[in-house]
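Here come two complexes built around chain A, the first alongside chain B, the second alongside chain C.
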Partner chain A sequence: MRHIAHLRIGPAAFRIGSHWRAPIAALEDLYRDYPKPEIPDFNVHLFAARPWRRYLRPAVHIGGDFTIPDAAPLPLAQGLLAAEMGMNLQMALAQRRYLLLHASAVERDGKAVLMTGISGAGKSTLAALLMARGWRLMGDEFVLIDPRTGAAHAFPRLISLKNQAIAVAQAAHPQGRFGPLLAGTPKGDIRHLVPDARAIAAMAEPASPSLILFPRFGFDTAERPVLPSEAFVRLTQASTNYVHLAEPGFDALTRLVQSVPARAIDYPDTEVGIALVEALA
Partner chain B sequence: MGREMTVLYRAAAPETLRIVPLDALTLIYHRASGITHVVDAPVPELLEALTPAPQTLDQLLAALTERYDLLDADPAALAIRLDELVQAGLVERL
Partner chain C sequence: MNPGWRLATILRDPSASLAFSPEEWTELLAVARAEQMAGTLAHRLHGLALPDRIKRLVEDAIASTEQVRLAALWEAEMARRALAPLGVPVVLLKGTAFAAAGLSPSAGRNIGDLDILVPLESLGEVEAALIAAGWEWVKPDPYDDAYYRRWMHELPPLIHRERDRMIDVHHTILPLTARITPDAAGLIAASEPLENGLCILSRPDILVHAVAHLLADGDLAGGMRNLWDFHCLVRDGGTEGLLERARHHGLAREMARALRLSHALYGTEVPLEYQRLGLADRLYLRRLTARDGWGRQTRRPLRMAFYVRSHWLRMPPAMLARHLWTKYRKGYRPVG
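Up next, the complex of A and B:
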């Protein structure tokens, strides 16, 4: 691999190798304030399946320590997305030190609010807007639960904004650093927002989970408590490595749902969503 | 039928199970398989009644009837439920 980037996000150190310069240049720009570790935990490869495909209609395949066979490649113009997907993939499949929850998280006064839900629930948007309101962003995609302590660890990768969320986040972060607009990806238009300086500076600091939220965007305003058993089942579904962690994963998750209240919130627009989160937190 | 009456059931060894009651539901982590079961009543009650001494179906039914005021004690339904637990490895058939 000719082009290589090293970067650390929270506790995870990545080495990203690429056949092309452009995705690495984008990473080096957007992650310029992140630490550059010597020894990676996870390797990501962005490669051409055939040598000529480096140049002719270049198609970026995503590989690394773990791969998904038959995953469709992305056009080179979406190379940054391929790199991000590659890092997510390594975390999702190879992370063993932490219970990995597909959730966004923000922190205030050492207390973390975890927000989990299906794609489109508004995890990233809520996290981006809460960051603009003085919360420390811990991550918009994964939160890592330490089975030994129960603490939440941050994974503040670039915030992945999709479609309408792009303009909403731009309005909230007029000074924010945004990546290029990636139009026509499998998930629609995507634009990345660089977490603010505080999120990057504090990314090694864990926080105590204090609230688990299951947000849903696009519904009339509603709110209800979620019983520990329902939270447990939904969080096993939101975890990519619960089964692999075996008993430590069971311990971490039972402890989390027994000690942290959970609520489901429905919100019709982001203003209501933010107000709900801040009222409950 | 005569053979069925002599079958003994026993809960899997306590050290192989992690049982965590949450609310209406109970979590059971089965160490031998690594599988987490989310169960409703009467599964925790059955496991408790089958620990530590093995029981026949009739003995179990009698114990449950006495302890939980069962009004519709149905041996066939209980046998089916026990077979499910045997399949899951949470109960042993001796």
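Up next, the complex of A and C:
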């Protein structure tokens, strides 16, 4: 691979190789304040399926140590997204040290608030806005639960903002560093926000989970407690490696839902959403 | 040294890794993953004075493959419960057999599907019992399904609907279309019972099967792992009786080649006559080690040649032409 970037996000180190310069240049710019590890946990390759496709209608295929068959390639203009998807894929398929929860998380005073839900629930948006209000961002995609300690570890990759959330986050972070607008991706328009200096500086520091939230965007304001049993089932669905971790995964998850309260919150707009989170935390 | 060879070198002599640069470590781990040998490598490296980062990766890989081993044994138990009422011999093959019998290749070995061997005449009732116990078809294409049933050495693969695990039910160890026809009844007659009622092949037959799988079937993809299995088994029990048993199954040439390749790649102790490589052996070794430092496959023309060879071994020319034409029309393209 001609172009290579090394970077560490939380406890996970990556080596990303690419046939093209552009995706690597974008990573090196946006991740410039992140550590550059010598030995990665995971490799990601961005490659052309045929030599001429490097130049002619370039299509970026996502490969790596672990891959899924038949993943559709992305146009070169979305190479940064391909790199992010490649890193997420390695974590989702092969991270075994931590129980992986598909959730965003923010921390204050050593206590972590976990927010999980389907795509569009507002995980990333709420995390980005809470970061603007002084919370430490732990991540907008994965929270890593250490089965040995129960602690939540951060994975503060670039915050992936979609569609209307882009403008909302820009308003909240006038000084924020944003990546290029990636228009017309399979998930709509995407723009990445670089986590603030504090999130990057503290990314190796775990926090103890204190609240699990199941937010839903676009509904009348509502809030209800979620029983440990329901939280357990919903979090097994939100975990990419729960099955693979087997008994340690079961132990970690039961411990989490039994020791940490959970709430479902519905919110019509982000202002209400933020107020709900801060009132509960 | 090519990164594929370097992995073999470290499996032979793990302490040679202690002088590695970060880049060499990175490449070693990438190739080991690509060859499904991360756990095997981790077991070889365990206990050495490793850099912290490597130690962590080694621990993770060992823990992960231990879980893989447990899950594979559980899957074998599920099959045993489904098939026990039939009273037919059920022989575990490959990874699950190594794990169940505690054989040395199982240290850190990845185990994917559950492979079992049953007598040909029991195939129908075995299939029915598995389906009754929750396994389902995964080959929706009628051509593929018919092809398996008519020509293959196994049923079309089944996946369990709750556990999402695949089972391959073999009735012999090479496709029926192959020129070599191993003695399937002999494999079962010589098999040995485990405590739980399942069986494993006799030791010489385990090696014959490893050789058939590696050199008489398929295009050598994943061959480093399969040859490592072979190496471990020969290291533990020697070569006596192997060639005779292989000859009985029509696989003497393949057995001899496996002994030569294993000696060359992993330093297996073999009699003098297997310590010299022929020209073709060198091509096999080049194919086995065709990986770059990212774990990607290299040497495309050579791989393509082995791919063509695998089909050539597998079926007569007219049938091969018909098969490839059918697959081509369905949009299948070889060697990604």
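Keep this in mind: the second predicted complex is superposed on the first by the 281 of 281 C-alpha atoms of A that agree within 3 Å, B and C clash if a C-alpha of one lies under 4 Å from a C-alpha of the other, contacts with A are read in each partner's own complex, and residues count from 1 in each chain.
Note that in this section a residue touches a chain if its C-beta (ideal position, glycine included) is under 8 Å from a C-beta of that chain, and two chains touch if they have at least 3 such contacts.
Computed from a predicted structure; not experimentally measured.
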Does chain B (first) or chain C (second) touch A:Ala246, or do both, or does neither?
-> both
Would you sort A:Gln258 into first (chain B), second (chain C), both or neither based on which partner it touches?
-> first
Given the touch rule stated above, what does A:Val233 touch, chain B (first), chain C (second), both, or neither?
-> first
Name the contact category of A:Ala48: first (chain B only), second (chain C only), both, or neither.
-> neither
In the overlay, answer first, second, both or neither for which of chain B and chain C A:Pro40 touches.
-> second
Who touches more of chain A, chain B or chain C?
-> C
Examine A:Gly63 and indicate which partner it touches, taking first as chain B and second as chain C; both and neither are also allowed.
-> second
Chain B/chain C common contact set on chain A = 246
Interfacial residue positions of chain C with respect to chain A in the complex | 22, 25-26, 29-30, 33-34, 51, 53-54, 56-57, 60, 63-64, 67, 70-71, 294-296, 336
Can you list the chain A residues touching chain C in their complex?
-> 1, 13, 15, 17, 37-41, 43, 45, 47, 49, 63, 65-66, 96-97, 244-246
In the complex of these two chains, what residues of chain B are touching chain A?
-> 18, 20, 22-25, 27, 29, 31, 34, 36, 38
Chain A residues within the chain B interface of the complex = 227-229, 232-233, 236, 243, 246-247, 250, 254, 257-258
